[in-house]
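Structure in structure tokens, see below.
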């Protein structure tokens, strides 16, 4: 690299208005994207706070009932919070997917999923309230201007604008031979010039990533920040290598810009679009009839079972129940069996949801197998995984939801089959048990 | 300086021996033999496709000869002249339009690893005939003649031993063309060797010490300009073209 | 003009790069159309089989309690129209399954894009992707130098001396490029007709015509805009850079930013808040499952008065059914209030986005492309609204059966299997094209205005050139 050429490029850069302003616009856009997604994150956090407040209020209401010796709401006399069944029922739990520290750097697939869910005993991971937050669908298809979009899709375009006429402007104006006469190694001259833009771009985006990362997560997430930096730098560097050969080989700037835009189009639009189309042909949108069957038809069939069958089913699924108190008292046993149906349905839901996960995973396998020739999707998914906004981040969120439903049902089984009486102390204990981190 | 010029005057600086060059099926140069001595301005006349630009490109090292040898030697130390000591002025000196004359010179010097301060750069440009008030203006506002002066300044700044000019007078008005002649003679007097390819019989006769006529890739005639008048040169040239 | 037009075509056909790209595009078009239709038909089959599956379960239910049947409910599966293969629109991000049941309205869930890893930012490789992103870009590359190449080669003066006006020359070139784009468009429309021959009716033909018209207008804009920029800048490189920047702003940047802006302009509440507000309003109504509700007592008194009896047991009907329907009616009002606002906000956002066609013709194209393919927001909201209307009718039928049905006379509480079988399935018939045209007049007007203004500017510029510069 020739340091003089590198330094002089600054003059080339700011004298060329199209390049200079494109860079400035890009930087403004980056700031806009960061602020935009930061605001989305703040909005999500507000919603999460509202949820926690509501949860707290509902729990306080129940604690008040205990303290005032009330058994439940005034207009529902059948509710008795001294019965663990009702105590657990009146103990609301929400499973939240909090936005990660790096969320402002990549919104990923988060707009396709919900990030909070109230888990009840009948809930499942594919309930309709797991749908995405309210958004305009037409806006969703266009996507948001987020930082990862800017880096993965727009930065190569900025790089094209900055470099397409390096070594080709000279050819357009017929003084490329003069460059060769002046400069012993044209490749060195070209690399020095290109390196200026690469450095400019990398320094700019790395500073943004570091600033945002450290502001929202501090040094604790330095590892994640470095991963993002490494990924974005390798990505842009790969494009710059392809573009370097275009710069060398092209006969004029129109030809180089055409080739560069075509490369961008092929990697960012055509290949991902084709893989998407093929994946959907191979695995069309799932209407989830198996899950619907479990959720509805099979559930209703379970309801139709008599107590003996239900009892057998419960013992099969939860063998330890046989030793618990309520099995000795036939009257209580009938009620407990009916109250335990949700635990049976939960097991069925787990099975049905796993089937969906398997089907989705098959589609994911196909997508992953395309990474070798579809690097942009790979980079985007890796980026999304770093910002915890990819399919798998939401899959693990679904597992959290499922865990919460299961914990609730199992707690209920444990308590109602042990014929326990609940009071304020046990209610507080339930709160702790239903918390997932315990 | 003058003594050195006299001392090295007889030494060969450019020597092309039996050069052959083919492009696909077309012969561009056929046994070209050309010798240019130190401090000489050599004018290469010829029609379009005669091989003038091919000769210059060969000397610049942009193309390789199929046969024959090329030798460019420094008359003082007898060492080979490499590309870093060659000055090249194309037909159209289109430099970076968004840089000024002085910035272009600075840039092209820097890429040749030469460093000048501002006053040195100004001096070079002025000595190459550029008006002082134009030096800091953007090249996009320059006339062709002014751009050519910057082109020559670029070669001059790197103390080129040999100047290779491809159709330098084409498109220039008579005044600018005359200024170019004066500038080239000044360079010659400082010891530079100049090869100039052109169609312009009158300008070649006025500027050059020696003239060669190229036809079909062969040097068909060589003469000293002091031996012919412009009129005679024109007749001679037309005769060769007809036959 | 015709001579120049013919000559331009001759030049194109003898240009190897052009031929290469033409063949490339036609092949791409065939593959895209074929796979698009295949995938779309697959989705239609899957939707139908899911619908049949659910229907069979309904039919096999046997004698059943009508209210339990309302809880059992049914599902509406969002259908794909045959033209969805042209432009997928919002279909990838909207839920495709809607549970229809008593007491509550659900949201459409299980959007396709939530079912896998991220694949593409710009959607599947459908006809719309090819026509919206790729072809305009190549049209820019074919048209940015049609003026300057004539100048530098000196042909322009020669053509003018031969008796052609500058204007004619430029317009012939524009027309040549437009005819090229038109042929590709026509190809895709013909493929649609060919592959879906049996299913194409007048409605589909009209939709295809709007699709064709929208794209041809957009291409006129792209070509005219590029030519105008090159006429103004007279420099290949700058013209190309500027046009590419504009293409990028129109196609990628504005849709995202203006989309976000329209959401900021008409903000929507979070799903949580919406649900909380709905729950709060719902609390104020009758709770069909709460016998202690005071509002129930009022309704009870009213019904007893109506039937002129003293107690519920004397009623010839099932009071629970009345109660459940009253609960349902109240729920519907709450839903209308909250979802009515939600939908009207979505439509407001859409309207604002449509206005962006003033600065971004791509927005108008996108709107018309989705609308003609039946995959825009309006079609989706229509699907949701019609599904909700069906749900109301469906639940009312079940509640009526529960209230007035024969089972009471039979002494049981089960309705006959025939009754359940007699209930029709939800059958979604999309919006008619006439309704669509009204909603998209603005977009059509914008595209026409953009084309007209650009052509007028080129007209003015080509006149001026002759006087000042030729």
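A, B and C label the chains in the order they appear, each numbered from 1.
Basically, contacts are C-beta pairs under 8 Å (C-beta built on N, C-alpha and C of every residue); 3 or more make two chains touch, one makes a residue touch a chain.
None of these values were measured; they are calculated from a predicted model.
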item	value
Top-ranked pair of chains - ranking by C-beta pairs in contact	A-C
Chain whose Cα centroid lies at the greatest distance from that of chain A	B
Chain centre separation (chain A, chain B; CA means) in Å	66
Intercentroid distance (Cα basis), chain C paired with chain B, Å	67
Distance between the centres, which are taken as Cα means, of chain C and chain A, whole angstrom	26
Sites on chain A at which at least two other chains make contact	169
Interface residues, chain C side, partner chain A - complex	32, 35-36, 38-39, 42-43, 46-47, 50, 53-54, 57, 68, 72-73, 75, 77, 89-90, 92-97, 99, 106-126, 129, 133-134, 137, 141, 144-145, 236-238, 240-242, 244-245, 248, 252-253, 255-257, 259-260, 262-263, 268-276, 290, 292-293, 342, 346, 349-350, 353, 370, 376-377, 380
Contact footprint of chain B on chain A as seen in their complex	2, 4-5, 8, 11-12, 15-16, 169, 173-175, 177-184, 189
Complex contact set, residues of chain B against chain A	57, 60, 62, 82-84, 86-88, 90-99, 103, 106-113, 115, 151, 154, 158
Interfacial residue positions of chain A with respect to chain C in the complex	18, 22, 29, 32, 36, 43, 47, 50-51, 54, 75-77, 108-109, 112-114, 116, 126-145, 149, 152-154, 157, 161, 165, 169, 172, 253-254, 257-258, 261, 265, 268-270, 272-281, 283-289, 292-293, 296-297, 300, 360, 363-364, 367-368, 377, 380-381, 384, 390-392, 394
